[in-house]
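First the structure, which I've put down as structure tokens, then a few questions once you've had a look.
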Amino acid sequence: MPRPIHVALIGQKFMGRAHSNAWHQVGHFFDGPRPVHLHTVAARDQGELIPFAKRWGWDHCSDDWRSLASIDEVELVDVGTPNHLHAEQALTMLAAGKHVACEKPLAGTLADARQMRDAARKAKSSKTFVWFNYRRCPAVALAHQLVRAGKIGSVLHIRAQYLQDWGGPSTPMSWRFKKSLAGSGAHGDLNAHIVDMARFITGDEVHEVHGAVARTFVKERTLEGKRGKSRSDVDDCVLFVASFKGGATASFEATRLACGNQNRNTIEINGTKGSVRFDFEDMNVLHFIGPSDDPRTNGWQRIMCTSAGNHPYADAWWPDAHVIGYEHCFTNMAADIVKVLSRRKPLVPLPDFEDAYQTQRVLEAALVSARERTAIRLSEVK
Amino acid sequence: MPRPIHVALIGQKFMGRAHSNAWHQVGHFFDGPRPVHLHTVAARDQGELIPFAKRWGWDHCSDDWRSLASIDEVELVDVGTPNHLHAEQALTMLAAGKHVACEKPLAGTLADARQMRDAARKAKSSKTFVWFNYRRCPAVALAHQLVRAGKIGSVLHIRAQYLQDWGGPSTPMSWRFKKSLAGSGAHGDLNAHIVDMARFITGDEVHEVHGAVARTFVKERTLEGKRGKSRSDVDDCVLFVASFKGGATASFEATRLACGNQNRNTIEINGTKGSVRFDFEDMNVLHFIGPSDDPRTNGWQRIMCTSAGNHPYADAWWPDAHVIGYEHCFTNMAADIVKVLSRRKPLVPLPDFEDAYQTQRVLEAALVSARERTAIRLSEVK
Amino acid sequence: MPRPIHVALIGQKFMGRAHSNAWHQVGHFFDGPRPVHLHTVAARDQGELIPFAKRWGWDHCSDDWRSLASIDEVELVDVGTPNHLHAEQALTMLAAGKHVACEKPLAGTLADARQMRDAARKAKSSKTFVWFNYRRCPAVALAHQLVRAGKIGSVLHIRAQYLQDWGGPSTPMSWRFKKSLAGSGAHGDLNAHIVDMARFITGDEVHEVHGAVARTFVKERTLEGKRGKSRSDVDDCVLFVASFKGGATASFEATRLACGNQNRNTIEINGTKGSVRFDFEDMNVLHFIGPSDDPRTNGWQRIMCTSAGNHPYADAWWPDAHVIGYEHCFTNMAADIVKVLSRRKPLVPLPDFEDAYQTQRVLEAALVSARERTAIRLSEVK
Amino acid sequence: MPRPIHVALIGQKFMGRAHSNAWHQVGHFFDGPRPVHLHTVAARDQGELIPFAKRWGWDHCSDDWRSLASIDEVELVDVGTPNHLHAEQALTMLAAGKHVACEKPLAGTLADARQMRDAARKAKSSKTFVWFNYRRCPAVALAHQLVRAGKIGSVLHIRAQYLQDWGGPSTPMSWRFKKSLAGSGAHGDLNAHIVDMARFITGDEVHEVHGAVARTFVKERTLEGKRGKSRSDVDDCVLFVASFKGGATASFEATRLACGNQNRNTIEINGTKGSVRFDFEDMNVLHFIGPSDDPRTNGWQRIMCTSAGNHPYADAWWPDAHVIGYEHCFTNMAADIVKVLSRRKPLVPLPDFEDAYQTQRVLEAALVSARERTAIRLSEVK
């Protein structure tokens, strides 16, 4: 009987819930090399925390996240808090010899991200992970496999958009609209995902940001349960054009104000021989076109990525076209983390702090470009 | 602290897994009136059963399903076995005063189904349920709400197809291809679902089957792990035209040989004022068209059925367009069963044995019509 | 300089317009073996006819369709009138030695259709054509080529629907709602098309109609420009299940009351190796799935049927994905008629009276089956 | 009987054909205030020109385009030549008092475009038109009407892409790949269209280009019918981010190397209350979402823009969902030109040289931004 991985979690909101579910379900659906044990969850609000821990089967709970560092049994600390807390929490846990899985974006600021990257480099016995969960959407993982195998030839164009519509003026203030807590708005929340996806699928890195625009359309928001308004100082949208080292052109757009697009995380990549296209709102499907033996029937292929044996992660779940949903990406990632902590290889590459730091540099370059009204090479962003 | 519902399950294959997951997840995602406890799982193959029970957190396991009848604590027995076993198992459990949740179709034969219906009528203190899980796909539940609220007017046409493609000649023999075990092939497996969906969404009953055709294209199948072949004596497809009491015309088609359609469970309903359309392969979406204030913009509306407060079951899960998958329908159903066993109303009607018996009569009428080459009124099928 | 084909047309309504356009455009877009000359158009309403003739460039017009028989120059008479007139007009023109192109359905009644078939057999020097225009939608012609070439293997299922929604109670009376003029309602108008398409694509014939239902939901209609109402005695919808000689099962549905479906002429054909799917509302596209070298990328292929050299009729029109529309099917057919009248082969088979008579027998079988509540073999319908 | 408009055309290639068809069909499908007469077509290659003129019914043909200036009867000269010829031809015809309809882009260079704009301003009795044909795709015209009527509120985001895939290395050299003849590559050919569409639909003007990238991936091309290669000195793709005066952010991308996208001219516009989305590959459809009375059914509406009385240009063509194609946009535009030349208003605004010059300035700003690696305000581009 292999030794269980004792996990501790910080945070009990949206991501706390998604991660708890992943740690729970991984043992139900995957034949992993080691079982997972939900050891302790930490969060500030004890009133909410106790029922949360009970509901999700965490053995213990704590209102002091620092206390996790001293629980010997805990092997992995999972950081699911707002962005401005990532650095301090991750650094503390790395210093205590824990493995750390951190929510994305790596941090709210490039300085924080750099510190985390440096700490991860030093902590040689610790593994780090960043929850870019969409890499483990089977359709995205398949896109990675196909593109890296040369099925679309050399990459010429990347076209990525992450469009949501919940950020209108009637949405009240929250930490997500405060720069001091979130670092940025749609940019760090959504562009982080699609920059990571573009890097993951192509295996290439951004060379230059050619131009960018950021906008805050809703400048003030109501306070929940209180009178008055509060200033939103993050972007509602950021879009930018870039090019990759291999020569491909790219565009990225993140917004919370695209009416009718609730979670439209899309990417299309065109190569010299073919293309792939993904839209999270139909997340079980990858569209692909490649060279064809018969030009009469050549066309975009709608691949239902649910075929055990053929598609990543599909054998863990249900029969063909018995589709999976959002949270399954987290469970798939938990399964790969378990593998790595058992000295096995993940099914597709897992982002660590080093990797996520590269994404953070791209985000920073876009902000600088927008502010300074100029193109900027990534080599200028440290 | 409300008294937990102790559940026992018979079966540990595909449906055993789906049901185990549902009983597990219901407490994570729903604030139900009573907690659920996974008491005992019973199945024949002990070698498989023990790891299954451990993986899914069943407290006990048994190789004798009859033993469940005498476990006082167990309130609900969940029957997830092949169709020919449903009747005996359900009758035994009803006789023992248990509530019974049975996989669909209700039974392999109409005679079995009738017996079950009769037993359920007699067992007044027992509740019965049939796992027509697609009723609790949010898009289907919403279709039910819209149609029953008159949003499409009077129903004129129902057009339902359940197309799969796994049943080709290379698929080996299994209980699903044996009439003595399954009762029928695609008909009981797939038409059962869409006949139930049509009845559920419209609230109307089939009046007449006008004609039907059943075919067995693959007459022999290889034996898994053995030499030789075995005869398949169930249908590969059944299609029929019908009309409903309210006057609507209907067509139903089930097949396991529709290349490229892996789990295409679709229904379209046209009424005097509008229409609804559903396709399980894009299960989070309902297409709807109704009367419009502005004829310039009238068109099919693609409703992403994930909006908490607006769409059935959506508040249990994730933010908008963070889509759910196949197994969530089972969890939604488990939540409604918990409600009913707590004397509350389900969010949308739950099928019981009485209700499922009506679906079984329609299936029987189609088989008779195909065999006798004649139209048949439902009133002739007892 | 080849001798021009002098065409005469009877009818100046919807089909008169579509046919006039086709005869006009064929010379613009096709390099045909013979030019086409628009000689004479005949219709009853002279007030409308003269401007119609002028607009469309017909050299002459006549209020007496019989007069066309005696114009020596006229080689082809094109019959674009209501269904009850087809037989008399076609017979007269065949007797006069003309080639005849007749609107579909061949006739309003099977008796008329048989007479036309017989007359065509006798008139050995005359060619006959029936305007089943959808055969020459490039996507449908491509489906024919692929299926006949064995790309989907043996045909197992045919699933065809022609759904429109213009026939609600607010639509006033017209000849289309009168049995004496139209023969039938949606059945002859729409099922005729999809039965022809199924026969065309598969090359197979209906063996048996297993059951059918016909309904007239709107029994009375207002008179345009007058008080009072008039009885509609045609079907609003007819649906039926059938099987083909080769063993395939089939369903056909035609309705004018399917809210939201304005011209949804769809067919899907599943074979042992693959499938094709067509929907006229996206008429430039054929969906195809076949055997794949790489199971990871296998999926429905969206073929944009506009590639010159690869897709039927595409080289006559515009560059790739510069899509064509409804009337182009007629022009494509005119081009093939010109070929046949020049002793060349059409690109894909053209339906003649003999061929269209087979479609008419299927329609008749469905009506008999609906009326007599029984299955009926095609061999019983003469 | 109103006086006919005598039209002369310069050019007999792709656009010569599309324009000839439009002038032909306008009288068939529209009840215009004046008839159109195809007077003279001029082009260099007489061997091709004579059969072209005959095929399309041009009364005369000429190998000297300048001669058109002196034909008194000719009222409108239609310029359908490569971009570097537009200025001289248009100026000559304006000087001769002709109305001028010019293919897009207005010119190959901003200097040429400015000259044309200035000449048009001076020639007060002449009307000018630019063939931005997609404005008259009914779905695009409807988008214009809806957005200008406030149906989506204030515009926040514009997202436009024109993706083609014919420009790979196997495509031989042509004028389209020569800067001296075409001015630019995908930029002037495709971005011109989508910049015009964005301006047309929103009624707003670009304020700033924030950044741009242009690429020539295929630097040499084979010569048709000859040995050797020739340098391509135009862009294969240009993408840029911009903002509009009203505050909206925008992105534009044009490429000829997007495998699988043959003519994917798409635009999505998000406003404070709703959105519109268009894709030319499904050109009869506009997707729209606006405020809803019932949040349960709110979703993108698929509008089939073929409803006479409700949708622009629909009453000229066929019944609902009897869809139209590419060339119909030109015919719709011809109908509006005829109206303007009859002192009537076009159905939606027609672009003249002044208007097209604004589009040309945006294209220029993007090129400058790409070259100088900086943001640029439109006010800096004269």
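By letter and in written order, the chains are A, B, C and D; residue numbering begins at 1 in each of them.
The definition used in the following text is that a residue touches a chain if its C-beta (ideal position, glycine included) is under 8 Å from a C-beta of that chain, and two chains touch if they have at least 3 such contacts.
Because the structure is a prediction, the values reported are computed rather than measured.
Peer 1: Can you name the chain that lies farthest from chain B, using the mean of each chain's Cα atoms as its centre?
Peer 2: D
Peer 1: Quick check: more C-beta contact pairs in A-D or A-B?
Peer 2: Answer to which pair has more contacts is A-D.
Peer 1: Need the CA-centroid distance for the pair chain A / chain C, whole Å please.
Peer 2: That pair's centroid distance is 54 Å.
Peer 1: In whole angstrom, what separates the CA-based centres of chain A and chain D?
Peer 2: About 41 Å separates the centre of chain A from that of chain D.
Peer 1: Roughly how far is chain A from chain B, centre to centre by C-alpha average, rounded to an integer in Å?
Peer 2: That gives a centre separation of 36 Å.
Peer 1: If I count partner chains per residue in chain D, which residues reach a count of at least 2?
Peer 2: 299-300, 304
Peer 1: Please give the residue numbers of chain C that touch chain B in the complex, ascending.
Peer 2: 152, 156-157, 159, 161, 163, 165, 168, 209-213, 215, 217, 237, 239-243, 247, 249, 251, 253, 255, 257-261, 268, 270-275, 277, 289, 299-300, 369-370, 373-375
Peer 1: For the complex, which residues does chain D have touching chain B?
Peer 2: Touch list, chain D to chain B: 142, 145-146, 151, 288, 290, 295-304, 307, 309-311.
Peer 1: Hey, which residues of chain A end up touching chain B in the complex?
Peer 2: Result: residues 14, 18, 20-21, 24, 27-28, 55-56, 166, 262-264, 280-284, 304, 306, 317-328 of chain A touch chain B.
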